Amino acid sequence: MLKALENISAHYANPTRFMALAAKWHAPLWGLAALCLAYGLYRVAYVPDDYQQGATVKIMFVHVPAAWMALFGYSFIFFASVAALVFRHPLGHVAARAAAPVGAVFTLIALVTGSLWGQPMWGTWWVWDARLTSVLVLFFIYLGYIALWQAIDEPTRAARAASLLAIVGFINVPIVKFSVDWWNTLHQPASVSRLARPALHADFLYPLLIMGLGFLLLFLALTLTRMQMEILRQKLRRRS
Amino acid sequence: MSLFMTLCGAHIRLAWRGGQTVLAVSFLFIAVTLLPFGLGPELKLLRALAPGLLWVVLAISLLTTLDKLFQADFEDGTLDRLRLLPLAFEAALLAKLCGHFLALVLPLILSVPLAGLLLNIDGARLPLLLAAMVCGAPALVMWGGIGAGLAVSVRRGGLLTVLIAMPFYVPVLIFGAAASQAALATGTALWPYLGILAALSAATILLAPFAIAAALRVAQD
Amino acid sequence: MAESVTFDSDTDFAGDAFLRAEALACQCGGRLVFENLSFNLSAGHALRLAGANGSGKSSLLRQLAGLLPLAAGSLAHPFTPSRHIHYLGHDDGLKAAFSVGETLAFEAALAKTDMAVSLLAELGLAGCAWQFVGDLSAGQKRRLTLARLLLDQRPLWLLDEPLTALDARGRTLVEDLATAHLAGGGMIIAASHEALAFATQELRLGAGA
């Protein structure tokens, strides 16, 4: 299995071959993503209202998958960076750079929808709930990563520095998450202001998973498109 | 070992002569002075918030000292020297960071009692706060070093360093502030928090030099 | 007048010094600076690297010092860069806030020897012990960087533009040091725009290499 993966990734390490593959997958991936999201939203529309939160619980179907993608995005960047730095895969840096803004935007969506979801319940636009806080810190980690890419002029050096940051940062994300969770339990206010997820009844679970899949496909479609753009940009730069 | 001490001492001397110690401590006091203007001069409020505020101000003061850490050496060729010493590059970097801690961070921590006075800090909390800071500050320095190492080739990379290092300050701040609240809040013992802080510091002291060395090598390629 | 230099027997590599480079290539900033560079150097010989700016002289020196990775090719030599190579780049590596005396004491500490009082005189900086490096002239600073060559005996010297900014006295110093070093069995590789009196070989980089 591992050997097969290795062979596949080695085969597509050649940018031209990758571009051919990407061109083939581009339309289907976007199409699938659109279909999945459309179906997901359709299912969400028919989810019964939560007895406590009313119709606003439906924001959860955007908030939770977005938060999943925020974490998935950073893991994606981590693995791409490892492929680039440790295994010297030529497309690793391209993949990491392409995925970064996509992940950052999903993180921002998670933050905004989290705030919108909670506002009717809490009466304020923000609470330092454990998950929201972790996502906020993750957002800054994304920003630092993207800023590093932008700040260093020379592309190879920028790529290597950013990959290093991604690897070092990824190892620490669990530590940050753990400490934020612990901090939240320490300062638990009297009224429960956590974003309580309703019990994962089948009515809620399936639409959630479908939306999750749709977001994943959207993430992959966006990243693939950005990778194609980046490779074309590099080709242009080399020619000039 | 003697090379380690030589490098450490050289960095301390340079930081001291460059006026960085005075600048950093002044920044700490200026930041603390701004707080009552934002929060109001009510002493009870300041007393309650003092430990947490001092932690944040310490972290930010530390962040401001970082851009001088590796940039000068990167530009004047000293980094090459450090790479070509009989001492491992990682050890040479650790020596610099030790020097940075002794020359800049320790004075900041020693200024905290006086700054705490301005915030009407509870005298009983002060020893806990200082103990927590001494245990946790090395982690802050190491993370700052990682940020400084990654941003070293960027002109005016100070803000970038801060942005990179800042998210990773969160665990230290969380446990550090908890430590200074510990004994008074629920009668819980101080030691677990100090232990966690010390563990974070120890882990970063062991691992950060390798990350920083890698970052500096990338910058010089 | 520099005295003749001999190596301590604990340079701990067997036999004579030598250096063989084959088909070296260098990538700097994503650009291929040079490729397929080969040369041989043996004890007592000095190689001068010549070529226009940007031809890769400094990069080659950095590769030999182990500071830059080899894009291709191989290097054979018995040296450990941290113990057997002196690399003097075109940046001084001096701290303006230190005095001359402190700089020399620092260099001596790094070389794990004691600082000889005669060192100042040898470098032509007699009487400057209390001056700050920031106040020295460019020539004086370059002479100060030579201190480590005197304090720490290492077989291979990699010099990047050793004669720049030096006055006649400084140049004589460099040439004397180099000649003594070679006579003692050392090797020198120096990048220089001008001809070097002590060079026994020359390698031209860039167009027409």
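To keep things simple, chains are lettered A, B and C as they appear, and every chain counts its residues starting from 1.
In this section, a contact is a pair of C-beta atoms (placed from the backbone, for glycine too) under 8 Å apart; a residue touches a chain by one contact, two chains touch by 3 or more.
All values derive from a computational prediction rather than experimental measurement.
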Item to check | Chains contacting each of subunit B and subunit C, listed by label | outcome: A
Item to check | Of A-B and A-C, pair with higher C-beta contact tally | outcome: A-B
Checklist entry - For subunit B, which other chain has the most distant CA centre? => result C
Next on the checklist: Report the chain ID whose CA centroid sits closest to the centroid of the full protein CA set.
Outcome noted: B
Checklist outcome for this item: Averaging C-alpha coordinates per chain, one finds the centres of subunit B and subunit C separated by a number of Å equal to 37
Checklist outcome for this item: Whole-angstrom distance, CA centroid of subunit A to CA centroid of subunit C, is 51
Checklist entry - So how far apart, in whole Å, are subunit A and subunit B when each is placed at the average of its C-alpha atoms? => result 31
Next on the checklist: Touching at least two other chains at once: which residues of subunit C meet that condition?
Outcome noted: none
Item to check | For subunit B, residues contacting two or more additional chains | outcome: 221
Checklist entry - In subunit A, what residues contact two or more other chains? => result 154, 156-157
Checklist outcome for this item: In the complex, subunit C touches subunit B at residues 28, 62, 65-69, 81-83, 85, 87, 89-95, 97-98, 102, 106, 109-110, 112
Item to check | subunit A to subunit B touching residues, read off their complex | outcome: 137-138, 140-141, 143-144, 147-148, 151-152, 154, 156-157, 160-161, 164-165, 168-169, 172, 175-176, 178-180, 182-183, 186
Checklist entry - Touching subunit C in the complex: which residues of subunit A? => result 154-157
Item to check | Of all residues in subunit C, those that touch subunit A in their complex | outcome: 29-30
Item to check | Complex contact set, residues of subunit B against subunit A | outcome: 146, 150-151, 153-154, 157, 160, 163-164, 166-168, 170-171, 174-175, 178, 200, 211, 214-215, 218-219, 221
